[in-house]
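So that you can tell them apart, the chains are marked A, B, C and D in the order they are listed, and the count of residues begins at 1 in each.
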Amino acid sequence: MDKVGIVGYYYMKMSPDLIYGRYNLIFETVRGALDSVNLKKKDITTVISATNDYYDGRTISNAYCVEPAGAYLADESKAEMDGAFAAQYGLMRILSGNHKLAVVWGGSTPSCYPYDSAQLYQTDPTFERPIALVNNITAGGFQMRAYMEKYGVSAEDIAKVAVKNRKNAAKNPLANPEAQNANITVDDVLKSDILSDPVTELMYAAPCDGLAAILLAPEKQALKITDEPVWIKGVGSNQDPYYLGDRDLSECKSMEMAAKMAFDGAGITAKDVDFAEIFEQYAHEELILAEAIGLAEKGKANELNSEINGDIPINPSGGAIAGHAPFATGLMRIIEAVKQLQGKADGYQVKDPKVAIATGQIGFCAQNNILYVLEKGGN
Amino acid sequence: MGRQVAIASAGFCEHAVRRSDVSMPEMVKEAIDDCLSKVPSVGIEDIDMFVNGNMPAFEGASIPELWMTDWMGARNKPLMRVTTGGTTGGTVAIAGYYSVAAGLPGVDTVLAVAFEQQSQGDTSVGLSSVALGELTAIQSIGMPLQKMKRLVSAGAAIGIAAYQATNYMRKSKITEEDLARVVVQNRRNAAKNWYTHLKMPNVTIEEVLDTPYISYPLRFGMVCPASDGCCAMLFTTEEKAKDMADIPVYVNGVASVANETGIMGYNAGGGGQLDPSEQLGAQRSAELAFDQAGISFPGKEIDYAEVYAPFPNQELMWVEKLGLFETNTAPEMYANGTTAANGEFPINTSGGVNSTNAIGASAMERPAEAALQIMGKAGNQVPKTVHTSLGHGWGGIINLITMMVMADEPKRKFK
Amino acid sequence: MTEQNVVTNKGMVRAEFNFWVGKYMDKFYDNLENKKIVGNKCPKCSDVFVPPRQVCGKCNETIPLEQNWVDLTDTGTLKNYTITKWKITERGSRKVKDSIIGMVQIDGSNTAIIYKLLDVDPADVKTGMKVKIEWNDKTKGEPGDIKGFVKA
Amino acid sequence: MSKKMEYDRKEYDVTRTMPGNWYLSSYKFRYSLDHLQPWFKKLKEKKLVGTQCRSCNTVFFPPRLVCGYCLVKPDLWVDVRETAQVATFNITYEKNPQTGEVVEKPVVCVRHDGTDTAFLAQLSPEINFRETYVGMPLKVKWRDEPEGNIGDLEYYEPLEDEAKDLRKEE
């Protein structure tokens, strides 16, 4: 795989309710990414959007975003999955040699749509949707119980993840203010409202408004654009079966295979990873995914020291719990990993990282996963 | 830098106004089975990655491929969903191309699937929801409701097509009869193709002109149907394609340029394109795709074209804008038989979108048919040998244009 | 970001859908109407699916429509459960009273279906416990014919 | 007149259906009107202004948020004349729900002189729609009491066109 660089990025501070016009949000995000490396509209050759018709309340949700996203007379397409998948499509376009600068943007504003109902539209409409019992909330409950019962992990162990992420979020200036809490304790997490037993409200990455954009360029162009590109060394994605009853929810096979594909492509193993940015919809998912990636043995992820200054920092930015802007969250994980590699994560910087991973997901219980291996470039 | 991509196969399911006998995944499986049946050496387990898409708001399911994983055979395989409205099929095909071209480790053979089961949804609400937000915005800046209702009816897909028609008719001085002639050619062609929807073997121009106006100058008989259907295409590398298919089809140029949303958007920007039949996006797409494919004289070098034209005036317009015919000569080409199946430059012998329109799949059926013509396996195969062909699609508010240029010879990159 | 003039409008319409269930599910619902559970079996790996499917995802094997049907009982094992106050519908989500939602493997099948557990104290629920279908009095051939599961 | 066109139709077995809904009424759409405020202000004074992109000089009327060519916000205000031309048009068929009578109404896209963009507008109700043609010169008919919104441009009245026959021929 040829080297592709992440040369620029932007995401604005997340908020539970960004009272701001949709096109203005898109414009500011894409313009912000271009401005971060002083590029112009005419430098863009391709634009990939990540939006969802059911999250935007309109058919062809990218149709009106052409101008604000800088796609006018550029090669435009839309990946209707998490932004991290859109980034994969952007990466493919760069790798094909047809394009020199790809803008990948994604995001939505859950303050404007019923997030839970929009998730329900993903269910099997011939059987599960009429009963409306399988949804993002119950799926999380099933997953956590399956994980706890199989490996004997306690709710406290899982609450610790939420505590860590919310404390990290407090240091991340762009995190959702509702998720930032420097003084949170395990008890607070366990005593918060029950969302879907055993998942409590503070273990859940509540949706908030946000958009993100990154710029991708081939090696030669990347080096001209910036002194500190971050290289995409490997990417892998994979999809599990749909029915929750078909899957062993205590593990994540799709992430295992995605990670294998990405690590093989990059020629590294999980041991070479300096830190991870994982898209976790619930606190326990961070553990399940970390195990699937190979950062820990099965059932042992809770024993990792994953603090910012720990052995293997996981989600130093706070992860999706710090702000889950649907369809931008995966891009934000990539951006946060890039920030760390560039040494720009002010206040939550991991010590001198070289190799990072960032993940994205879509579907109930992380049905479809994608994983990036990112490497520090430049000096 | 990039790999040569080839199409090994393409398949369809039967299209009809209501595929009431199958659920969405079952319909998709039908097309995948048809696609793989044409390449006996390939099984579902040989596929490394899946790309698919549909127009979700037309069938009420968000990201339905999560649900249909097993039906597609995508369990524990990479899967990517792309969708861009009417061009979904085209973008899915292009994403299939890029997935192979990128040369990601372990990804050689990619199955691209585009589908639509419109009979389960409410297409009119689906269409109005394209602009629903914009309309509420226009209303809140003082547009009276009565006036807005009219704009809604003028602004739906057919309305925009009517704008194009008025401008195009004015410039090329054609009559409604010319439009009807295109319809007749398409529907008669469709009768010879196994999977199509509106099969009308004996339709005449008079019959078409005998139907009422839907939006001047378009009549009921000229407008595309709403179909249920699915299309699948198999993309792979040059080396593997040679083993899989007798005549692999090489994809030499792709483009999917976005044009402005100007007229309908309340505040979308744009360059202010005044004439909707001008189609800067299409021209730019054609430019890009032909440039990649090394085609300098599309009118001479391309043997067969499938253009996405739900309305007859669009078919005339596109073939000109894509550089296949001189400006304003297209109507004549339809009248003198150049574009017929046995003509010099056959166009849409599959019956086109005008006869079969499963929205999400339509734009993929164009490159699929164009590829099958090169392979010699098309439903309504043209008698002449096709070396180079073209598949085109449009969607959004006629602002997203997809192009795929294919040939029986790989393009050699001299870089 | 200091914007003063932002309008927020509501969408006004509702789209209605009718999803064709296909012949496999049609047969399942026909049986459900008669208070019977059927599944179908993969000819290769012999996994039994409830509800029935056209394809076994594990083997990528198409299960013929006419064959491989299996009659099943109305008893099953609780594989997993969760308790939530949230009721999520297409119209929106709201908090109602606690309900126990169970993932039940019908005896003789290899997958699980998700329904409510009825008449059980949350403290008594355990994974692995035996449950039994509680049918609705009037069955219409739809997923709602199964009211839920009760302790067997 | 409304003859149905026959085609070779194949019927498929009908299986049962499961209902589903998409409640768009629970969605919100959010738009910023900041870039339109100066325009509204001038409309109230029966004056027309548009925005110009500093980079490519395109004049947008009505003002738009973003210039597609340059991906910047156009922020130069320029005066726009009251005269315009038909850029394109179509005719819609509205059925009166009471009488069932179908009324033909033109919907036009107009481009104001000196601007580079077109927008949807309404013609004077007195014009016979068959008289409409591309390039037809028009003039704004203002609402008697402008309120500072888009409704102030009540409709467009045709102007004398000396080259009418040529344009229609074109």
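Here is the rule we go by: contacts are C-beta pairs under 8 Å (C-beta built on N, C-alpha and C of every residue); 3 or more make two chains touch, one makes a residue touch a chain.
Remember, it's a predicted structure, so these values are computed and weren't measured experimentally.
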Contact-richer chain pair (by C-beta pairs counted) among A-C and A-B: A-B
Centrality ranking, top chain (CA atoms only): B
Maximum centroid distance from chain D, chain identifier (CA atoms): C
Interchain centroid distance [CA atoms averaged], chain B/chain D, Å: 28
Chain centre separation in whole Å, for chain B relative to chain A (CA means): 33
Whole-Å gap separating chain B and chain C, where each centre is the average of the chain's CA atoms: 37
Per-residue overlap in chain D, given as positions that touch at least 2 other chains: 13, 15, 17-24, 26-33, 36, 64-69
Of all residues in chain C, the ones touching two or more other chains: 3, 6-23, 25, 57, 90-92, 142-143
Residue numbers of chain A (touch at least two other chains): 19-24, 54, 57, 66-68, 72-73, 112, 114, 117, 121, 125-127, 129-130, 241
Overall pattern in which the protein chains touch one another (line/ring/star/complete/other): complete
Parts of chain C lying in touch with chain B, wherever the complex brings them together: 7, 9-25, 53-58, 60, 62
Contact set on chain B toward chain D in their complex: 14, 16-23, 57, 60-61, 120, 125, 129, 132-133, 136-138, 140-144, 147, 149-151, 153-155, 159, 162-163, 165-167, 170-171, 187, 191, 198-201, 203, 207-208, 210-216, 220-221, 260, 262-272, 274-276
Chain A contact footprint on chain B (complex, rising order): 1-3, 23, 50, 53, 55-58, 60-64, 66-70, 74-86, 91, 94-95, 97-99, 101-106, 126-127, 129-134, 254-261, 264-265, 267-271, 280-281, 284, 288, 292, 395-397, 399-400, 413, 415
Of chain D, residues touching chain C in the complex: 13, 15-34, 36-37
List of chain A residues in touch with chain B within their complex: 1-2, 21-23, 47, 52-54, 56-60, 62-64, 66-68, 71-81, 85, 88-89, 91-93, 95-98, 118, 121-126, 234-242, 253-254, 257-258, 261, 264-265, 362-364, 367-368
